[in-house]
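Input: structures, listed below.
Below are two complexes that have subunit A in common, paired first with subunit B and then with subunit C.
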Partner chain A sequence: MSGKPVKVLLAKKKIDVHGRASKLIARELRDAGMEVVYFRFGTVDEIVNAALQEDVDVIAVSIMTSGHLHLAENLVPALKAKGMNDVMVIFGGIIPDVDFEPLRKMGVHRAFPAGLPGSVVVDYINANVGKVGL
Partner chain B sequence: MSATTATTAPDVVAQRVAEQVLDGHVRSATRLITQSQDGDPLARRVMSLLYPHCGRARLIGITGPPGAGKSTLVAGMIGELRKRGLTVGVIAVDPSSPFSGGAVLGDRDRMTGFSSDGEVFIRSMASRGAIGGLCAVANDAVDVMDAMGKDVVLIETVGVGQSEVEIAQIANTVVLTLVPGYGDELQAMKAGIMEAADIIVVNKADSPGANGAVAELQNMGYFQAVPQGEEMWQVPVVKMSALRNEGFDELEAQILRQSEFAEKTGWKAARQRRRRVHQFAEVVTDGVRRDFMGVMQEGGGFNGLLDRIEALQVDPYAAAQGISRRLRTLTKDL
Partner chain C sequence: MTASNQSKQFEAAVAAWHKGRERYASKLQAQSTLSGLPIKTVYTQDDVSQDSVDVMPGVYPFTRGLYPDGYVLTPWAQQMVFGYGTIDETRQKMEKMVAEGMEGYFGNNIFNVVYDIPCMYGIDADHPEAESNLGQCGVHMSTGDDYDELVRDWELEKSNFSMITGDNCLPALALLVAAAERRGKGPESLRGNSMNWYPRTAVQDIPSWEPRWGYALMVDLIKWATINAPAWNTTNIFMYGISEAGGTPVQELAYGLSWGKSVIDAGLAAGLDPDQFIGRLGFQIGCTVNLFEEVAKFRAHRRMWAKLCRDAGCKKPSSMHARVHCHTNGYVLTQQQLLNNNARITLQALAAALGGVQSIHTCSYDEATTIPTEESHRTALRTQQILMWESGVRNVADPLGGSYYVEKLTDDMEAAAWEIYNQLEAKGGYLRGLETGEIKRAIDGASYQMKQNINSGRQIVVGLNKYQSESLEQHEPFRVDMAIENKAKQRLAAYKARRDDKAVAASLENVARACEALKAGTGSLMPALIEAARAGATNGEMMVPMRAAFGWYVSE
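Right after this comes the complex of A and B.
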């Protein structure tokens, strides 16, 4: 994998008005050499379809309002149904700590709280991309 | 490589992938595009198998300065084409950062609303900065969508550099998208961009100055010379508001008119030939370059030639002449 840029689908909820955080993380991932498809979604199907068509290594979902548990519950099985078992799924944003474990159980590889330096996400992706599965 | 040799495993894999792509399988197609971009040898095998199935799709290039509304325009075109029952592929190229090599690909975000439509396949790509290389990759991506059976392939590129202009020229029709007050942007773009345009769109006609811009561009009178024959193609100027969904009928009419003209005059065939000749030349020169660099990296030294260049005994130009001469003899015998 080394040398080939990691491709990330950065999916941000359409109704989340705060676009700043996701745009910032998009830039940080780019500055770390990643190719970031920035994309606002309304439904789980839109994420799945975009991930499929774009052939991404990572799906990073940015959530600034609630709904992350419901989303993860639907997203992971939908990805598996399309045969995308080798994609990394991470969540970031305003997510209470108590939800980290349930998210992990649903198949989300890692959840990041808001306000984290982008380098933490970058390091996690670089260390685990291609090694995790759903 | 030849059909007579025993089938090896990679050939079986390539055959299977090719069949899936021909069947319109999105996952196989998009992976193939990635592999082609990553220089995976398997991709080359598959592309060879797909090549005879190419040439059916209508290719439309959308180029212009950043923010002109290209992606919004593409989204509108997808909608129009789908209304007519045509299947659509989109290749959206955005520049890679020269510093980090990374990229933010924002085109797809403007093209939402088709996720439940299996006949629309949108693929973003980073330019990765390689001159020539970008064109090679775009050629492959277009061929993959063509072989999948997409009726129309839309190629969006930012009209800022030479390679982007070249990509636009892969298309049968190049639509240059400008906005009122385009003057400064034209200056920032590659001078050749106007020469690449078959149709000019003045987008954002909902903002002031659109009529003036259209009149100005019409007065300048851009033409495209057709290889044989005296007839010239006068580049039409179409006023649009992609955001308000206005002007798409006129754009479609002009694209059809240009296609008919290009077909009738032999322009289309000439352009297709130019695309393939150009592609071939790129591949050959790229291969020669890579082989040459490979020999040098392995410390080949060309019988001490490199040592003598280093010791200032032979100058690089004189040394290169010898190699060029041998290459020429070689290619003449082909």
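Right after this comes the complex of A and C.
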């Protein structure tokens, strides 16, 4: 990696509630030297536009109130349509593990269960950012 | 045995105790509660003040419980949260839960119905942003038809409707009042609960009203219900949200009571009589797995609230009752080794019952990963029913009262909570702390600290940072059929097609005027919302003028 910090857009879907986990992971990514754009709530278009404008390396989506499959189904094609083929997309939160594989097939690089140390996510990003594409 | 003999015997026992632990005492690690209060390895009569022990259940300050005989007269209410799909699916679930034996006090019905996120924000099924959220994490209820189906055939005076709304709290109550009227019942027949929990935005990361208008709306509902629906519980002081956001049990107490004080102050400022409205405020409190700290928390909470209510001018003992619904904390559940959560939930519910709460929601073991399945939801209900009927905890009021440890911990938690409370009050109180973000920062700091403790293994979570397993759970979650989306849209379209559009439009203009009157301090909003509900306005439609008047605010 060059000296430039990894830039992460941390988003939640447009109407979601709770913020504990997304604030924690934002802080843990920052602790690891990453630059985090804390986007809170967005529609697919809003997330894609923010990712473009901020020129992020990673889009991390925090899920609380389900809808993750629907979101991934729409988000990944929308990113491709804007030419963001090099961005890493990861999901985390209240997601049943039987959905991890369907998410992967939709183009989400990795889904993380809740509760893990942020270092697990940090290590994954550092090992794979720039090497994966949509 | 004389007192002096007794004392000599105790002194000798203490000396022998010291001797017994001489070899290893210096090696024992310091212990503390989740809130960081130090705990010793043994407690004795020397730790307990006579003041704390010279009390009875059902007597001020209610440390030992609200009622003289605890749960013996009637057990706690089994107040399970549920709601998904349209009202059709949720109505079936209501009937199923009644058949499963879910009961409130004295066998009454109790329905703790959670709305979906679009309803909470105030958008109807035909709004583009509702897509993929309809009926997902709660029921979608927006029309008069929906509310008619909610209340159909239930005996209103014996049915408790607790409505877990969001910003749509006032419109939801208006829609319920109109549905009761169509059954020939006035609002005085209504039993249940409005959340009326605007102050939760101090800790939850959600957009809502501007703070001053959030409080104005809260008081408007309280004023209306105090006069028109005196059996209705107007306000839920949502301490659960404080602990779920990361607050320690002591912070939950301190900020929760400060929140309650801010509601009392707002009501008194609006000219309400303390004995008329304070007794209709209630609490929803979390409960972690940390058994004794949680029992002490519930006991300290009752005592602290009783003092605040008396200071506010309450004269009737029942006005000083901290009536508590316990929602077992969801954040303690793990996605790893899901079934372990049943053990956690059992301990949480046990702590709540030993703590003397009035009502319990037990989480389902799979909520760490999904909306609960029918089976996991039933197991959660059965967990509290086993506690109720098999464990014997309901036989004796305040069974841990007089325990040296629990009494001392109750005192210590009260003292620690008053300290935080007094600091916040000195700086202007809860509303000010909401506006400045001070409360949220304190809670976020505690949340981060707890995460660090879990990451480092200082705080053990079985299956997560100790005794891990590599395999996935492969738990098949409850899925809400996406066909629900179309069904919700069709229900809405059918309802709108039958209405008198002119009357609806006029009623909504009236709502807009009432919003301005509320802002100017010259009028009330609830009557206009009830008029609009009678005319056929939907949840989302009533929210449009409200959003225009009261703003859109994301706290820091």
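Just so it is clear, the second predicted complex is superposed on the first by the 131 of 134 C-alpha atoms of A that agree within 3 Å, B and C clash if a C-alpha of one lies under 4 Å from a C-alpha of the other, contacts with A are read in each partner's own complex, and residues count from 1 in each chain.
Everything that follows uses one rule, which is that a contact is a pair of C-beta atoms (placed from the backbone, for glycine too) under 8 Å apart; a residue touches a chain by one contact, two chains touch by 3 or more.
These figures come from a predicted structure and were not determined experimentally.
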item: Side-by-side fit of subunit B and subunit C on subunit A, or clash; value: fit
item: Touched partner set for A:Asp45, first subunit B, second subunit C, both or neither; value: first
item: Which of subunit B and subunit C A:Val76 touches, first, second, both or neither; value: neither
item: Contacts of A:Leu29 with subunit B and subunit C, given as first, second, both or neither; value: first
item: Where the C-alpha centre of subunit A sits as vertex, the angle toward subunit B and subunit C in the overlay (nearest 10 degrees); value: 100
item: Touched partner set for A:Gly67, first subunit B, second subunit C, both or neither; value: second
item: Partner chain in contact with A:Val98 - subunit B first, subunit C second, else both or neither; value: second
item: Subunit B versus subunit C as contact partner of A:Gly118, first or second or both or neither; value: second
item: Which superposed partner A:Asp16 touches (first subunit B, second subunit C, both, neither); value: second
item: Touching partner for A:Ile59 - first (subunit B), second (subunit C), both, neither; value: neither
item: Subunit B versus subunit C as contact partner of A:Val89, first or second or both or neither; value: neither
item: Superposed arrangement (fit on chain A Cα atoms) - minimum subunit B/subunit C Cα distance in Å; value: 6
item: Subunit A residues contacted in one complex by subunit B, in the other by subunit C; value: 27, 40-41, 43
item: Touch list for subunit A against partner subunit B, complex; value: 4-5, 7, 26-27, 29-43, 45-46, 49-50, 52-55, 82-83
item: Complex interface listing, subunit A residues touching subunit C; value: 14-20, 22-24, 27-28, 40-41, 43, 65-67, 70-71, 94-100, 113-119
item: Residues of subunit C that touch subunit A when the two form their complex; value: 117-118, 120-121, 129-130, 132-133, 136-137, 166, 204-207, 244-246, 331, 334-336, 368-371, 444, 447-448, 451, 454-455, 461, 464, 472-477, 480, 554
item: Complex contacts: residues of subunit B adjacent to subunit A; value: 26-27, 30-31, 33-34, 38, 96-97, 99-106, 108-109, 112, 115-116, 121-124, 126, 128
